[in-house]
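Two complexes come next, and they have one chain in common, subunit A, joined by subunit B in the first and subunit C in the second.
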Partner chain A sequence: MKLAHLWGFIVLFNTSCLCRAQLSEYFNERLSIKPLKDGKIASTLTFTTVLKNGTPRDPGLLHTEDESQHYRLFPLALGQILREYGVTEMHLTLNAGKWNYDSWGQPAEAGVGNGAELWAWIGDGALARNALAGLFCSSLGSLDELRTTSPVEVFRPEGSLPSSSLHQLRHASHPSESVCTENLTPFIKLLPCKSSAGLASLLNPHKLFDANWHGMGVHVLWHEGEGVEVRLTFQTVSDPLRSSFIRKQDWSLESLFGRKVEKACRAAGSSHIQVALPRNTPYNISPQPTVAENDEALYDIQAVNKPINVAMQYMQEFQRQDLPSSATLSIQRTLKESSQSHGQLSVILRNHQPNPVQAIYLETMPWIVQFYLHTLTATVNDIPQPSVFSNLSYIPAIPHSRPTTFHVLLSIPANSTLRLTMDVTKAFLRYTEHPPDAQRGWDLPPAIIYPLDQPRMYTPTLLVDLATPDFSMPYNVIIFTCTLVAFIFGSIFNLLTRKFVVVSVALKGRD
Partner chain B sequence: MIQKFHQRLPVIKIILFLVGYLWMVAIPLPELGRTTYIDENALQPAQVSTYWNWGDVHTADKYLEDLEKLRDRNATSREYVQSTTVPHTLAYTFDRRADYIKNEFQRAGLSAATQKYSFSVGNTDLTGANAYAVSSSPRASGNEAMVIAASWIRRHDEGEEELNLRGISTVLALAKFLKGYSLWAKDIVFVVGDGYLDGMQAWLSAYHGATQSKELPHSSGVIWNALAIDYACHSFSHLGVFHEGVNGRLPNQDLINSFERISRYTGGVPVVLYDHVQDHVSLPWIPKFIRTNPTFQKYATNAKNVLRHVGYQAPGTPSGIHGLFHQYRIDAFTMYAVCAHGPHGFHALGKVIESTLRTMNNLLERLHASFFFYILTDAVHFNKIGSYLPSAILISIALMFHGLDTWVAAGWTVEEDESPSSDEKPDEKPSEAKTPKWTRRQRPVLPVLSIMAATHLLGTVLFLLLSSNYTLASYQTTSYILFTALAVIPLGAALLRTEQQPHNAPLSTVLKALNLCFASTIISILSVLNFSLALTLSITLGVPLVASSASPTTKWPIKGIQYSLYILLAAGWLLFLPEQTKSVLWNWEVLSVWFAPVVCVVYVPLVLQAAIVNLL
Partner chain C sequence: MTSSLRAGVVIPTVAALKVAISLSGLPDLLRNDHQLSSPLTSFSQLQEGLYLFKHGIDPYSGGTFRHSPLLLALFSSVLPTSTLFAAVFWALSDAVAAWALVEIWRARQNVSSSTRDGLVALGYLANPYTILPSLALSTSTLENTLLLLAVMFAAQKKAAPSLLSLAFLSHLAPPAILIFPPLALLLLTDPHSHLASPQKLSLNKRRIFPLVLEFLIYAGALTFASTLVAGSWNWIPQTWGTWLTLPDLTPNPGLWWYFFTEMFDHFRPFFLMVFSMHLVIYVAPLCIKFQHDPLFALFILTGVLGIFKAYPTLSDPGLFLSMTAAFPEIFPYLRHPIVTSLLHLHAALLLPLFHHLWLTQGTGNANFFYASTLVFACANGAAVMDSLWAGMRIAIGKNTEDYGIVQE
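Showing the complex of A and B:
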């Protein structure tokens, strides 16, 4: 009996050794800092862990027992979820703020839509949203069938998909999800050095969540022949000129993150800070970069003296000027609400390029706003031009169950403004479908503009007012009644379960 | 039971009228009102420390200097151009001021733009240029926004136009100041409107896509609240509140109440309703012992406020640029600096605005909770709906009772017949020796309805003619023609006058019955839409419509006098109130205020019907 146990243990030990021998892991971290043309500073922290030669679990074999996994650097909590649900590729982003493409250009990571966005290439099963919600302390559980779509043209896999089994895309976004410290803590826990060493020590919630824009992302990819990659990113846009008394765009790690890098993370294969150097203005950067070329300074954290506080000082005051947009397209999307039941969705795309741009326009709209597709009109520089549409595909919404998926390929002529308008109807909700803060309205997810061969762009989210009863009176009544019932129940329960005993203290005293 | 009720109907009607009118008089009584309170817990007014300081006051002073220079160089962006004489392009050469404001917004680091607009009223074109900026708040989705607005010309009812330079300086300084804080949860939009109401109307309709004008290049989300800043003189002693909007819509009372508390506790500035300091009302014609009575003084000050309120709300005129926001379900009011020799200036105003914005920023939902029906009697007292609505409703009930009574009376006639009949004797009294015999008679509904339809059609034609470009251009002559037409055309109804037949009720009685019922319905519907208008209508329609005499036996000269009195009541405003009429028409053309169509299509026909009742 004992012997059998021992044998089992030895076999187990051997196999795990075998696995470790096969799967080597490495971890890299990088911080890139870039000044933006409106005086703000964009910084991106990227932490990449690669499980060499790792393969995603075959979604077709989810019912059989999984082979055991052993990780050193790869985040175990995430790895378990990926194996459990057979996720091949997954992207989760939690952002707060409106990315201003005109002044800030393209972000380092494309997923910048406000709120939560989750998309994954998985087998036929359910999306691991509840497990992820638990892991990241965010309400991803609300990304249910009411919000899930499958727009494969825009969300193509970034890694490779195994050819052995069929994969499907699930995409959902939750624009009103707020992002804060409670999401950052589990994020940091996925890193090998946590926030105690290396670049991760810069993840200081006090500064990160005071930025003008911030977003965290978890990306899981599989590269065939390479392995499974987990990329954790944190992007911020900070404003050194926020106070009107500051005239210079100066920044340092301390001003951006409130911390210096005290020590390097031993687990990291490489650990770099990359700074985009300004072009047309004199500056002073300290300390001396490890490498400086092509308008870029590079610091190798493992090589330089620590603590390190990279600081940029400008010689001149920052000049605000009305520069042309730095994005391919300027996007404006508005919902004109003429009445409680109807409205008009309008999207304006300005092409600043001297050549025409082809772009996919994608709307994944919850059923509460439904399109009148026949009213879709397009004008180019105020002249009606229906020929800009091609490859239109439309999956209409089903009330109370399925969202709309609408995408169309647009060709926007050079240096011109394309204006799309479409009438929409707003749903009349059942009273149980209203959120607790019913008078706020409903957040609608961002539309996505996907210029071909370029990263996708997100429009700002929208807020729609549906016909809403004034819940204040019924709510008060409900709250009052519940309080009363709870009070009565509490007292009765107390009376029923407590044992009343007469304790004769006085007699004892007399004795 | 019903019989008893019917017998006492005349008394009941009189009591209803008396109580209704007395109730109207009693609205300003302090006993009917109550002190204001904050209903929405999220607002938390005056609970924050403010950061606005003397440095920001200095910024505002510098902006003011620049604006005064611009004014003195006469850099006007507003021109009234006769479109027939001067080409449109000339009007646009004077938009230096809007450009200045836009540049200052941009220098503060905001996305800003100008908006040119033009309205044509009659054959005059009203053009101008607005400047506005959107401050995208950190980490905010840009779905919700608050607006701080100022117009180039100060709020005024009529007469002297004063420039709101200090108000605009405040907006500019605030733009620079508010951007420096990361605590805003909603975007802040700064708008400087050209002109008085026209500029803001143009901006709002472009923002909401109500007109097919050019899209604004910068947009934010849904606007929840707006503050209009009105500060023209050197310094002020009180801050006034103006809150009436287009078509008599009012903002949620929580907003005004929060501002009142913030101004009192954070800014140390007392708040008054409107722009008059309410300590004393001088009424020399009232005996001194009454005049000096504190209860009477309280009543008189309240009454003045209520009258001003009715004066703004009944015609649906916005009492400031804030009123235009109400069209788009945005709660807004004007913060009006009441001119005085001190002690307050930019410092107090900035603090109050900052704190009010923080309160608005706290909102998780729009202001709601049915706090839209109220009459403010002063800055801290109000009448809730239950304490003022019955006044107009009682009059409306009295009209309805009288109308139904007339309708029943029209259906019966008394015949001096001795033969007893068991049926159709509702009022049979066996004790009387000679029993009157009640017999049914026909009520000519169709001809009466045709008369009513014709009068409303006449009203519609009147409205179309009045709002046409031609009338607006030459009002003097057209008004006489229209008045004459209104006086003469109803005379045609006299042709329908037929000999009294025993089996048909007279036209006049049936017309009066339907007229009264219709007027009653109109008043009760209006009372929840625009109470002041319902109040005005119940005064102008109540007694006159009841008093119209439906007896065909009246002599012709008396009929003529009665008829002309009613015509004067119906259309006298065409002759005697030309300026008011023009401004009401302007309100309709530019701001889409419903008062002009309501008067022409509802009020005038109702009184004309009463005139015809006299005639028949």
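Showing the complex of A and C:
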């Protein structure tokens, strides 16, 4: 009897411990699907793991022994990197494609610049970058000091920052880095159910990388008093019109991801599919949503019958309409290249709002393209108006190392078009600095437009054509030039050192 | 009197003509031409630096601004930067340079005016290698003017203005410091032509030290003033350092840019050292060989600098070619003037053509332009060797039928 009591006590004690452990971490997953006005479907998978009351490591104490790490849901591989390098906030995105703000509006996750982008509030960034490159099988190692800037006005921390002043912003983007299956596999490994259950089972590389636009993101934030949050996201924009004979916007989980959700992930605290319902057009959604209100249907994966294949069917064919842009601003950025040494950068911003918009325009340009700020001109509706830009801040590039950071505050009048132009010069590189396919040109990172109090927007990337030397000739050039130098040197000293003598030509002739 | 008028007519006429051409819009086409202005002398870069300077951004905190802080101070306070003004200022600078060359010629002949004055002035003003950089508003034109002023004052025995000009010049373009020894010798001897009667220099060597000291004081003062303008010492690696480390590999008609574009990274510092030191080698031998005529040594050294300095523009070899006008006594003894002229013609046609083909048209590659810079260097080398030969050959006298002149 006493023994039974004791057992009961032990069991009770253990379960209470378990409960506390469960409370300290939780995992939520969500899929939101939204039809876009040009007929495409945007879907966003978000996996959030929160380490309750977790705190980031103080970058000042990196040399001391760290506390041991033990997690149930929180990804250990990532956690080790975060603690090793004292990362407080980190955002890594790997995207492929050009996000079309005019037709698709604002993305669910703001970081949609083409290629790789990494920004972090961190003690020292250089090594964390290599660790992340190893973790995600991505060439983040090339995000070196040639591409690293610190534009604090645009990349403010999304979570909280500890009061210690050791945190610095490190931002770098690498537009030629692409995202593919080898990046998705380590991404899936960070999830508690991997891709075997829950919404993560929809992460099917064949379909994801077939989408018109796709991008994955890893976000680490610290919320003071709450804990450390790791948010893994995967956004796609797929085109149902592309594959259907009748022009209908119909979609289903099968058509978007090639899979159904077979079972729920037990580790997930919540697991929802959220569908934005179309307006002004008849449709049929199956199965019956758990909740449907305010143009939104919600499925609770843990409650509904599985396997579940959410499907949307439209009654009518899709009609393309010329709707006004759904973004605050339309952005266009071009580089006109008159020759391989000079060019002109121009940015056109159209404000569709009936009220003026203030926006920060940020360029983080590798040193290979250098600005002539004295040629910076601004026109509003083709009328010169230099007063539209203010708060200009400029950190010039250092050849062969630091990139340019240029940002300026623009005020774009209501319903008007602002055009900024600036002459640029293109650098001539050492032959070892060119990439293997040098004639292809260099991808330039996207510029960022940051309308105040709104998510930032990315311009498309640019390709710049740099003059190339002949890569097969280093020996020949060294030999030719040295020969010429030696020839002139030799001739001059020959003249300077030898004596002039008069010889009889007549005598010579007789010999 | 009529003859001196000729120079007085030629210089203002050509200067006015130049302003007129400048206003026709041609300079906008030339301004960014790599052959007329290097990153260290380009007017666009100067304007960029001025823009940054006026907006409170340190132009020397990185970037590609490599002009002297003194030019910044000059153009941001005293001189306006409008294109019209710049055109006038550059034309004036050319006029002063031509006048200085005429004065050098007069001092060498020891006359107050001569019938060749106008020709000598035209030798500078009508030289396409000096006109085009001037139309492109390259600051290398100002450097040429400073050099000719330094030589002119030295020829007139005015030590202070001469050394100040040279200090200012070597502040803008440090390789010019190499012409200090012949310039000092010129100050201590005379500018007249002694090529025909070489003799050992008898000179109290102690008299050279005050000149060195004076030059160092001027150079130090200019350095200090630059630091005051720039607000820190950052400007030194950005301007002077560029000549030694060659961070900017923009093409130019010289020999360095493609060599260091194609250089293996582990040999780069070694060859940078070799190319920099190579320039120094010529100074002492030329000064010793032409100790009887330091002005001629200076002339040859200008030619050597025009071939081998780090960021040359067409105006550097152009200055050497223009200066030949002040040494007509060597003309009958030039060794192979036809070959040299043809080489120059060849290079003058190839350089702009291949530059255009490579960078604008995209139908040629870098080797085309590189090859034409080699031809150009050959042409300049041939011109230097011609003059050098003639300068020594002149001592032996006229050719006679039965005898030939050879070197042992």
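Criterion: the second predicted complex is superposed on the first by the 436 of 511 C-alpha atoms of A that agree within 3 Å, B and C clash if a C-alpha of one lies under 4 Å from a C-alpha of the other, contacts with A are read in each partner's own complex, and residues count from 1 in each chain.
Just so it is clear, a residue touches a chain if its C-beta (ideal position, glycine included) is under 8 Å from a C-beta of that chain, and two chains touch if they have at least 3 such contacts.
Bear in mind the structure is a predicted one, so any value in this text is a computation, not a measurement.
In the superposed model, A:Thr88 lies in contact with neither subunit B nor subunit C. In the superposition on chain A, A:Ser346 contacts subunit B only, with no contact to subunit C. Using the contact criterion defined above for the overlaid structures, shared-chain residue A:Pro396 touches subunit C, although it does not reach subunit B. Contacts of A:Asp470 after superposition: both subunit B and subunit C are touched.
In the superposition on chain A, no contact is made by A:Thr236 with either subunit B or subunit C.
Once the two complexes are laid over each other on the shared chain, residue contacts for A:Lys98 go to subunit B alone; subunit C is not touched. Judged by the touch definition given at the top, the superposed model places A:Arg320 against subunit B, while subunit C stays out of reach. Comparing subunit B with subunit C, the partner in contact with more residues of subunit A is C. Contact with neither subunit B nor subunit C is seen for A:Ser195 once the two complexes are overlaid on the shared chain. Shared contact residues of subunit A with subunit B and subunit C: 338, 470, 473. Of all residues in subunit A, those touching subunit B in their complex are 38-39, 96-98, 100, 114-115, 175-176, 209-214, 239, 241-244, 320, 322, 332, 334, 336-338, 344, 346, 348, 419, 437-441, 443, 460-463, 465, 470, 472-473.
Within the complex formed with subunit C, the subunit A residues making contact are 338-342, 370, 372-374, 392, 394-400, 402, 404, 423, 425, 427-432, 467-470, 473-474, 477-478, 480-481, 484-485, 487-489, 491-506, 508. Of all residues in subunit C, only 32, 34, 44, 47-48, 50-52, 55, 57, 59, 61-65, 247-251, 255, 257-265, 278, 281-282, 285-286, 289, 304, 307-308, 358-360, 362, 365-367, 370, 374, 377-378, 381, 384-385, 388-389, 392-393, 395-396, 401-408 touch subunit A in the complex they form. Across the complex, subunit B meets subunit A through its residues 106-109, 136, 138-144, 176-177, 179-180, 182, 208-210, 215, 217, 219, 221-222, 329, 364-366, 368-370.
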